[in-house]
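First chain written, first letter: the chains are A, B and C, and each begins at residue 1.
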Amino acid sequence: MRAHSLGEQYADFAQQDHALKLGMWVFLASELLLFAALFALYAAYRTMYGDDFREAIAHNTLAYGTVNMYVLLCSSFTVALSVWAVRQSRRVLAVVLLLSTMALGIAFLVIKLLEYAEHFRERALPGPYFHMAELPTFGANRFFTMYWVMTGVHAFHVTGGVCLLGWLVHRTWSGHYTAAHHTGLELGTMYWHLIDIIWIFLWPILYLA
Amino acid sequence: MNPATVTNWLRTMLFLPPESSSVAASIDHLHMFVILTTMIGSAGIGLMALLFILRYRHRGEDLAAGRAPETQKTTPAWVEWGIAGGLFSLFFAWWVIGFGQYVRVRVAPEDTYDVYVTGKQWMWKFAYPDGHHSISRIYVPAGRPVKLILTSRDVIHSFFVPDFRLKQDVIPGRYTTLWFEAPSPGHHEILCAEYCGANHSTMRAELVVLGPTDFARWLQRGDGSTTTPSPARQEPTIATELGPSQPMSLVRLGEAVAAQQGCLRCHTLDGSPHIGPTWAGLYGAKIPLQGGGELTADEAYLTESMMDPLAHHHAGFQTVMPSYLGRLRPPEVAALLALIKSLREVRGQDVRELSLPPPEVTPPAGAIGQPTQPSLPLLQPIPRGPDAPLPATQGLPPPGAQPWPPMRGRVDVGADGVQGDEKR
Amino acid sequence: MSAEPATEVVAAPLPNYLEAESGVASWLNTRDHKRIALLFYVSVLSMFALGGVFALALRTELLTPERTVMDAMTYNRMFTLHGVTMVWLFLIPSIPTVFGNFILPMQLGARDLAFPKLNLISWYLYVLGAIVTIAGMFAGGTDTGWTFYTPYSDSTPTRVVPVVIGIFILGISSIFTGLNFIISVHTLRARGMKWSTMPLFTWAIYGTSIMLVLATPVLGMALALVGLDHALALGIFDPSVGGDPVLFQHIFWFYSHPAVYIMILPAMGVISEMVPTLSHRRPASYTAIVVSTIGIAVVGFLTWGHHLFTAGISELDAGFFGVLSMFVAVFSAIKVFTWTLTLRRGSILITTPILYFFSFLFLFVFGGMTGVALATQSLDIHWQDTYFIVAHFHFIMVGGSVTAFLGAAHYWFPKMFGRMYNERVGTVGAIAVFMGFCLTFIPQFLLGNLGMPRRYYSYPAHFQWLHVLSTGGAFLLGGALLLTLTNLLFALKWGPRAGDNPWASRSFEWLTTSPPPKHNFATTPRLDYDPYDYSLSEEECRARALAR
């Protein structure tokens, strides 16, 4: 078991952990601003195109989005439980929970890919590639362009999150985290929660009218 | 030394171009006020700092020792607030004057002479209501408000006339407007002021202001020449195709277009009810819309109805009107608008004498709301909100535009009528 | 018994951070914020030189109305790359990564930043971003202007994508730097230090860091969208498929307006630090400076629309942004008055840094007030996209930020290297920089008034003599900067040794030796007193801080 190292600049672990968590919050704030630009663009186009835009939302398959919503909510639950497990010194349970989170994350991506395939078939693609027969309007074009960009950026972050979870699995399995000290795991779960929260905002604007 | 001399001298010192538009003088006065204050302010601060540095320079005192407490006094808060308040008041005063001028510059008066301007890499093209076209040189009448309706065929450009102190970005996919009044004849440079590619710096043109007689002569001859030769090309228009040897009034032209394009098969000019709304008393009326709400029948609404009839369809009429996008050129649209405007006072069963064929019942061939020709991608008519005061010719396709693809870009706004902040 | 002299137990002096370890690896793998600051110093100065070369090239081209030394597309790439290099490779990192990194931890009384490894990663990301951007330049570069406006950036035949990716990576580096500073200020303040006794430079870096963290992601997204639109033709801003190109301008300027405050706020922090020290008195109002700093950081996010007055936004929007722009100007003005009043009843050392302060004061006030003039909307219609704008932002960025950077380079030189630069050469350099700058950019205000648009390769002939003046000034400025750099490089090796605190400052970074030891302080100081209290002697301050 490796000892956790205390930076020269810190008086004690409590101070270091506080700094790490605050740092993660600031990082999450910057990620939020990244998505904020996309939400603003979405809002602008939706205001411009009103009904046509909304018609296109109605064309999106609600089931995909809702299932994915539940998948991510469950994954947030499992990842939070993994922290609880580590606090109980139950290393194996923690690893199992982290692996479940990864599996749920991958399930999210798979479902997303299936959905993308369907959009592809319907030719509901961004910009000039858009040739959807039943919705030949600019509003639908703008909706699907924003849909692809927003879910694409989110999926990219989910992929990154899954890789991060893999790293956390390795660290937990090797016993790096103790019941008293598991800041790294907490930081990782904070990131995963953000990914979930972003989907909670994406889902209504992309699937509910 | 009278104020005019001082102003002229200042204008020269500040390297300002001649004041050639009706707004240039007031803008220049504000300019001088602001810039002179800037110069005095910065010189004043610099001088004050210089004086302090010299007066309070280090004279051998031991800096490691503590200094007398009165040398550590801070500026009282009321001084800081006073400075902040004073400066904000000054800046706010400038803003108020500047905003007032800005609104006057942006909102065109009634009754302007409209010219359609298209920027494209890397030239300026101009289309006049009477059907003329010119490239790289625009002719406008002196002493009369002129409104430019600008769009781009490709990337963002900017129409800049330094002598007028006026500028407007030219955006693909929508129309922007710029109005001015030039009191006297002259030649002025037009420059593109938004980077648009390799030849951005040569995308220039000339704005020629002609006195009334010269302008009338130019309109008549249509070849753009007065005392200087013009590069304007003459493209065939309905005016020349119909072959009148004398100039036609825009209203008469409108009647000819209406007949030729089949408008009169569904619309009457005398107030009698028919398949489409009558044009009598139409201009300026409040139009009830299918699906609720109402709009005023201004130039923008009427133009949109020609190009995208199903967008804001008049309630109570069948949806059988085809789109005329690509089938009507800007001069023809302008002529129709002039005709409709001329009928604004006509009510009810007043009959006008017209030598035109009686209207037929069947609408012209073509799918409802769809263009009747094969299509190429085109730019979208401008979105807008209900009852918004808008420039008159919103919705017009750029001169020379190709018709629509089957994709109908109908535009709507949210139920609360909120517009995106770029929409006018 | 013979009396032996009492032996004193003297602690061996700690090696300074430059000598603590040696070898290339000790630099490339360092966690020491001071060494990382020097790594950044070398990198950003190289990029400044690169941007300067682009500037001189394009000014040379502008000597004649038609072709002088290059064709139109080369020129268009030149001004774009000048802007990209200067903004993202030099100005935005400059003061924070060099002086922020070096000085901030010491001003907090800390032994390093909160996340030293992340600090090193920031530098590596900077280098990677620089390599990718420069590779893009060598591959032909882009010509869109540093503003990347759509739809031109979608359709330009030039290489947009590598440059955009490079800037994106640089943005991540900035975010990490800002994050590091914010957490350091929150968690590593020395015992007894309240927010109200934190040094003003630290406040400025803190405000800048908040903007870095919140605004840079928006730039990242804007550029990512441009890259996607350019490479994959996704049509996000393409009007022929319903997109709105002006929306890009909104998203871009939402970042880029705070970006200009990111560039000036650290400079203001340097001035806020230099003036009290070199005047040996307390700032005329500490509160005013702190409130203005926060004010700029917050209100700076609300003014982006003033870049779009002629872009087709509604009058109401324009008015809203105009008023807020006036508001934010007041904060800068308060700082200017505070600094000037700080000189009063001081005991001012007339040295190179004070000359840079004076230069900064005049140029920043003039440039800043032309900013207020631009926010006066009717005037902006004439000036937008002309050389007036170019002159305005160069007054702030060069006359403001670069001048402050040079001031900091001299002011903190003894602290960083333990040596003193040649004062006479420094003075000549400062004056020459000021004159070169004025000769370069004052003609550009006049060009703007005349109506000369920016980004013009060829121009109407009657503008030529003003361009010739400006080019002359540019070469003078370049020479002056070279002279200044040479003076500092020379002093690195051959300058006389400076004492620990040559300016007799009471600010906290001067409590330790010059150059400082690897972990800044032998013992963690107690910093519960005012860093600008010149009624205390240096000895008293030291005793209070370093007493056990």
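As a convention for this text, a contact is a pair of C-beta atoms (placed from the backbone, for glycine too) under 8 Å apart; a residue touches a chain by one contact, two chains touch by 3 or more.
As the structure is a computational prediction, the values presented were derived from the model and not from experiment.
Counting contacting C-beta pairs between every two chains, the top pair is B-C.
Taking the mean of all protein Cα atoms as the centre, the chain whose own Cα mean lies nearest is C. Taking the mean of the C-alpha atoms as each chain's centre, chain B and chain C sit 40 Å apart. Between chain A and chain B the centroid-to-centroid distance comes to 45 Å (mean Cα coordinates, whole Å). Between chain A and chain C the centroid-to-centroid distance comes to 35 Å (mean Cα coordinates, whole Å).
Annotation for chain B: residues 380, 409, 419-420, 423 touch two or more other chains. Within chain C, the positions touching two or more other chains are listed as 240, 242-244, 247. Within chain A, residues 44, 48-49, 138-139, 141 each touch two or more of the remaining chains. Of all the residues in chain B, the ones that touch chain C in their complex are 14-17, 23, 27, 30-31, 34-35, 37-39, 41-42, 45-46, 48-50, 52-53, 56-59, 61, 63-75, 77, 80, 83-84, 87-88, 91-92, 94-95, 97-103, 105-107, 154-156, 158, 160, 162-163, 165-169, 171-174, 176, 189, 191-202, 377-380, 409, 419-424. Across the complex, chain A is touched by residues 105, 110-116, 175, 179-180, 182-183, 186-188, 213-218, 220-222, 224-225, 228, 233-236, 238, 240-244, 247, 250-251, 254, 519 of chain C.
Contacts from chain A toward chain C in the complex involve residues 7-10, 15, 18-19, 22-23, 26-27, 29-31, 33-38, 40-41, 44-45, 48-49, 126-128, 130, 138-139, 141-142, 145, 148-149, 153. Residues of chain C touching chain B in their complex: 72-73, 76, 143-145, 149-152, 155-156, 239-240, 242-247, 279-288, 309-315, 317-319, 322-323, 326-327, 329-330, 333-334, 336-338, 340-341, 343-350, 354, 358, 361-362, 365-366, 369-370, 372-373, 375-382, 384-386, 446-447, 449-451, 453-460, 503-504, 533-540.
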